[in-house]
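Structure first, then comments.
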Amino acid sequence: MAQHHTGADSHGHEGHGSVKSYVIGFILSIVLTIIPLVVVLNHMMGKTATMVVILVTAVLQFIVQLFFFMHIREGDGPKWNVMTLILGVVILLTIVGGSIWIMTYNMVAH
Amino acid sequence: MLDRLIEFAQFFFVTGDPLIYGAMVSIALATIAILFVLTYFKKWGWLWKNWLTTVDHKKVGIMYILASILMLFRGGVDALMMRAQIALPDINFLHPEHYNQVFTTHGTIMILFMAMPLMFGLFNIAVPLQIGARDVAFPFLNALSFWLFFMGAMLFNLSFIIGGSPDAGWLSYPPLSELQYSPGVGQNFYIWGIQISGIGSLATGINFIVTIIKMRAPGMTWMKMPMFTWSVFASCIIIIFAFPILTVTLALLFLDRFGGGHFFTLDMGGNPMMYINLIWMWGHPEVYIVVLPAFGIYSDVISTFAKKRLFGYKSMVFAMLIISVLSFFTWAHHFFTMGSGADVNAFFAISTMAIAIPTGVKVFNWLFTMYRGKLSFPTPMMWAIAFIPNFLIAGLTGVMLAVAPADFQFHNSYFLIAHFHSALIGGVVFGYFAGLYYWWPKMFGFSLPENLGKWAFWFWNIGFYVCFLPQYSLGLMGMTRRISTYGWDTGWAPLNFVSTIGAFLMGIAFLFQVAQIGMGIKHYRKLKASGDPWDARTLEWSIPSPAPEYNFATIPQVTDRDEWWEEKERRKQGIHKQEQPIEPIHMPKNSAIPFIMSVCWFVAGFGFVFGWLIFIIPGLLGVAACMIARSFYSYDADYYIPVDEVKRTEAAIRGGSV
Amino acid sequence: MAQATSHHGHGHDHGHHDPQELKMLGFWIFLVTDVILFSTLFATFAVLRNNTAGGPGPEIFNMTGVILETFLLLTSSFTSGIAVLAMNKGNLKQLLAWLVVTVLLGLGFLGLEIYEFVEMVHEGATFMTSAYLSAFFTLVGTHGLHVSVGICWMIGLMIQLKRRGITDVTRGKISAISLYWHFLDAVWIFVLSVVYLMGVM
Amino acid sequence: MNKKPKAVIALVLTVLTVALIIWTCFFSGGSYWVFDSMGPIGQAQKELIIITTVLASVVILPVMVMTFVIIWRYRDRPGSKAKYKPHWDDSAKLETIWWGIPIIIIIAIGIITAKYTYDLEPSKPLASAQKPITIQVSSLDWKWLFMYPDEGIATVNTLTIPEDVPVRFELTSDAPMNSFWIPQLGGQIYTMSGMAMTLHLQADHPGTYYGSGANFSGEHFAQMRFDVNAVTSDQYNQWVQQAKQENNPLTEDGYTALAQPGVGQKTTYSAFPEGLFQRIVTKYVVEGSENPHGGHGAHAPAVTETASAEAAAKTASAAGSEEGQASHSNAGH
């Protein structure tokens, strides 16, 4: 914390974590990267299962980044950043899912 | 040597059409005239200091509005040329190729370079004043947005005289827009014109969201915010999620054309349908981006001139937010006939219709704002009222189009053209006109002569119906859009002729508006407006017209919705708020970077259009240099206006009483 | 409800909003728009992923390189976080040191990525070969471009830090770049999962 | 100046113009092809249009009337007896009504739409005792090529079909995307390169109908119109015989020339190259493009050299034939 800063705006985003939280985050993300790598490279599971593992670990990893590195829980007042992010993710899923769904029927002969 | 020069000129300039030569000459003459006037009256410094480098939201707003009126003229002339060509069968006024360019530029200019900037202009004029703020959150970025838009628009318009205009429709579907079928530079102009101004739009979206979240005057909770500000917020939510899609889509098309990519090509596995899918993911939300602020304007205008609080405020807010989210789930209704199967069509048909529900709620609430009100009808109110029947027709036909199997019969016909002009003119343009007339006194300190305004109104309104009602019929008679001619045997001639008459009535209406502005300027002393000429309700009317550069000498303390109206009521009862002491006011300094950086973008964009590295490289280097300059030297980009000066200004404009 | 203005620092100006707070929120929203940008690219990639037009497919990936890249970027995300911690302690030297480490890791990542691209082009897998590869190079390349911009930006900030030390303004800028850097890491995870892992599985 | 007469004049003018427009809309010679349906699909679509329009108008029209009434009644005038309640801004009861009614109407329209969407899915064969005939359509720059695989003949910009017989159109494009539309028979569908679409239509009465391209495809797009001649079965057979005898065949070279950009004339050919349609559809398929990783996710089966071109066309067909549909459901896991 920057108590010694007399600047007006030392409220807000400085509460950021500690070395500990960064280290935990780092370790978690490494583990979450290794899991799908191992599963995929060794062909350990069937297609669907592998897919699920890849996606689940990716999402978990994203959450780890958000909480341990990007500190989305911090700051006072309403969490505008979280709200925009959630809406963003909804639109993201729409874009990707919607495109795949619609375009399934319009694959070119290739 | 000379031969090669001529050859180059023939490739570079658009040749062979007297209309275009005429346009070139008039553009050249106008430019020379402007340069001369600026030099003769020694106005270059004034132009630079007061306009080109300004970061004041009010001036940025005015520049947006000026540019958009210019674009309305260009788009309108395009429309009249089209209508002249198809007034009757077998007319040879425009060659087919030229006709295609005209409707493409008409659509693109009207939506991206007329509606969007007019909307941003009104955002800039009204939002900070309505929420009691000194400026937007990022004034520098705001100026940059404007100049990016402006340069993008200029780049796009340049295609008229240099290189050739795009001619693949306002959304440029591939494969038609691919190199294979459009080898000219027109499509590149399209891509870069929109791309450059699109970055600006995205930045504006972010800017206003932060402004509205963070800069409201103390006491102005969300549920006390003026409805226009709410609508801007809802519209900006759509902007920030929709514009990145556009950016990517155009970038991919450009990569196809410029870098040999295969996203949307026919060969090597490309899939043109993916472009259609992507562009509508932006394109559909886009129409709600432009219509939501219009809804906000109607709300403010109607409650002002009904002298009544807006009915159902909470449901209005809720409806608007639902619309902005729902607008992302309906895009496929623009290609029901692509054969995506019954599941897809059924889903998107229903999601589209669902938007009718919140929209309807808004209509009912407007009606009930007027119900038990005391209605007066100055021009802003007339536009607002004319909108309602108009938009009901647009909505009804919208729902008809949303019925997927029925759309198989409507798609790409004049029925569709009529639907979206009803929504875009009756909904969007009328709304922005209402806003423009409403805030005009606040912008310039004088009102516009009402009389000419009413003439303009009636010509627009009648012209609108005469032009577009017949088009519904034409659609049902099987007339398809984007055809440059048709045969006598079709039986479409009489209705088309009527429609063209309507278009020219709207053209006359526009001339009335120009005259109105001209007369206003001429007699501005007589038309001088007070701070609150409409006896209105929201904070922007609590300060003088035009607003001083710092807007509010002291930031108001808000206690109610319609704060200014309540304040007037309180004053009538003799309750006066305690005056806050004036303090030094913190202001951003002017900056030349937005202008210079946008010029650099223009240069780079021009280079990309022709594939000329001698433009691309310096352009991009210039952009980078501007960014670095901003990052390194913006540590003292602001200053304070001392108390004395504020007091002096206030005394001058308010005639002594602070 | 946010009455942003109610807590202002200088105590004498109601129109004054904490500029760093505004910028942070603006920057967050910008990042979310970037999420949308990437999701459009992901959607394009997903739709075109089988359109190899007889050309090479995912079998040509050099997974060792990709795994290395991943760990470099992960680590750099971590070190950029540590840099922020140093900044919060007011330790300029440490801050600069960690930023240098971050930049080096980032450069390593970029170098490997460029190497991978060059290899692929040599094997005949170019941007122009097929829709699949166009989508691949654009998606991965856009991420790479973001990383490059981040590196330039970080170097620029290091120069500014040297000149001006840790102030409110530089503090805001460092917070922004570290956020950006974590964000790029998160995007990479999805590139790894969707492009590489699902490709070779 | 008294304002009222002016407003009245304006109103009268508006009413007059609207009346004039309506008059031209109905008595000026054009005919409403969309409502003058000559086949089952068009008929069903017309019904659907009428049902949904009426349903939607149930709210829209009263609102329209209400608008005028409210504006008239609450205009500010001296001695107005209308109530003025500046602070009345909320009513739970009213709000419920106007959230509720549109919701109900939209649910109704939605259900009807969904039902018709499945019923009128263009790839769905029509119920008929007659065996359908197949016509292959390709949009070219800027003309329409029709091929009759069963009869072995082909035409440009003119289409002849037997009445009362379902026609199965297979559609593709050898030029920028277009849309195949015969308003009096039923709705349109896109023609796209590299894909084969299916559209089933039928004419119930003999006659000549207007057909056109509905999706902009470049310079002479306006010339992409064709006639549809619906004739009796006898006449149809006669026409086929005549077509075979009196015309030249479309050769490979002939097709290459035809596919060049340019406006087309009505032409009939006695024959056309074998498998031309399939070759157009698979024109951009690269030899040996079997995807080693294909088959997962939503993916239309890749076309291999071994697969017959016919099958290729079918599998590539978007919402194509039943086989096509089946392959989708497989693909979707």
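The chains carry the letters A, B, C and D, assigned in the order they are written, with residues numbered from 1 in each.
We adopt the following convention: contacts are C-beta pairs under 8 Å (C-beta built on N, C-alpha and C of every residue); 3 or more make two chains touch, one makes a residue touch a chain.
Each chain and its UniProt protein: A = Cytochrome o ubiquinol oxidase subunit IV; B = Cbb3-type cytochrome c oxidase subunit I; C = Cytochrome bo(3) ubiquinol oxidase subunit 3; D = Quinol oxidase subunit 2.
Keep in mind the model is a prediction, meaning the values are calculated, not measured.
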Nearest-to-centre chain - CA centroid comparison: B
Chain at maximum distance from subunit A, centres defined as averaged CA atoms: D
Comparison of A-B and B-C (more C-beta pairs in contact): B-C
Inter-centroid spacing, subunit D (Quinol oxidase subunit 2) versus subunit B (mean Cα positions, whole Å): 32
Subunit A and subunit B: spacing of chain centres that average the CA atoms, whole Å: 36
Mean-CA-position distance for subunit D (Quinol oxidase subunit 2) and subunit A (Å): 44
Sequence positions of subunit B contacting 2 or more other chains: 213, 240-241, 245, 267-271, 273-274, 278, 281, 338-341
Residues of subunit C whose C-beta touches two or more other chains: 1-2, 21, 25, 29, 32, 36, 40, 43-44, 47, 50-53, 55, 131
Subunit A residues counted as touching two or more neighbouring chains: 47, 80, 84, 87-88, 91, 95, 98-101, 103, 105-108, 110
Subunit B contact footprint on subunit A (complex, rising order): 80, 84, 87-88, 90-91, 94-95, 98-99, 101-103, 105-108, 110
Parts of subunit B lying in touch with subunit C, wherever the complex brings them together: 133-134, 137-138, 202, 205-207, 209-210, 213-222, 240-241, 243-245, 247-249, 252, 255-256, 259-263, 265, 267-271, 274, 278, 281, 550, 552, 554-555, 580, 583-586, 628, 631-632, 635
For the subunit C and subunit B complex, residues of the former touching the latter: 1-6, 12-17, 21-23, 25-26, 29-30, 32-34, 36-37, 40-41, 43-44, 47-48, 51-53, 55, 127-132, 134-135, 138, 153, 156-157, 159-160, 164, 169, 173
Residue numbers on subunit D (Quinol oxidase subunit 2) that touch subunit B, as the complex places them: 6, 10, 13-14, 17-18, 20-22, 24-25, 28-35, 42, 44-46, 48-49, 52-53, 56-57, 59-60, 63-64, 66-67, 70-71, 74-76, 80, 82-91, 94-95, 98-99, 102-103, 106, 109-110, 112-114, 116-123, 175-177, 179, 181, 183-184, 186-190, 192-195, 197, 210, 212-222, 225, 283-284, 286, 289, 318-319, 325, 328
Subunit A - residues contacting subunit C, complex: 1-2, 4-5, 7-9, 11-14, 16-19, 22, 25-26, 29-30, 33, 36-37, 40-41, 43, 47, 50-51, 54-55, 57-58, 61-62, 65-66, 69-70, 77-78, 80-81, 84-85, 87-89, 91-92, 95-96, 98-100, 103, 108, 110
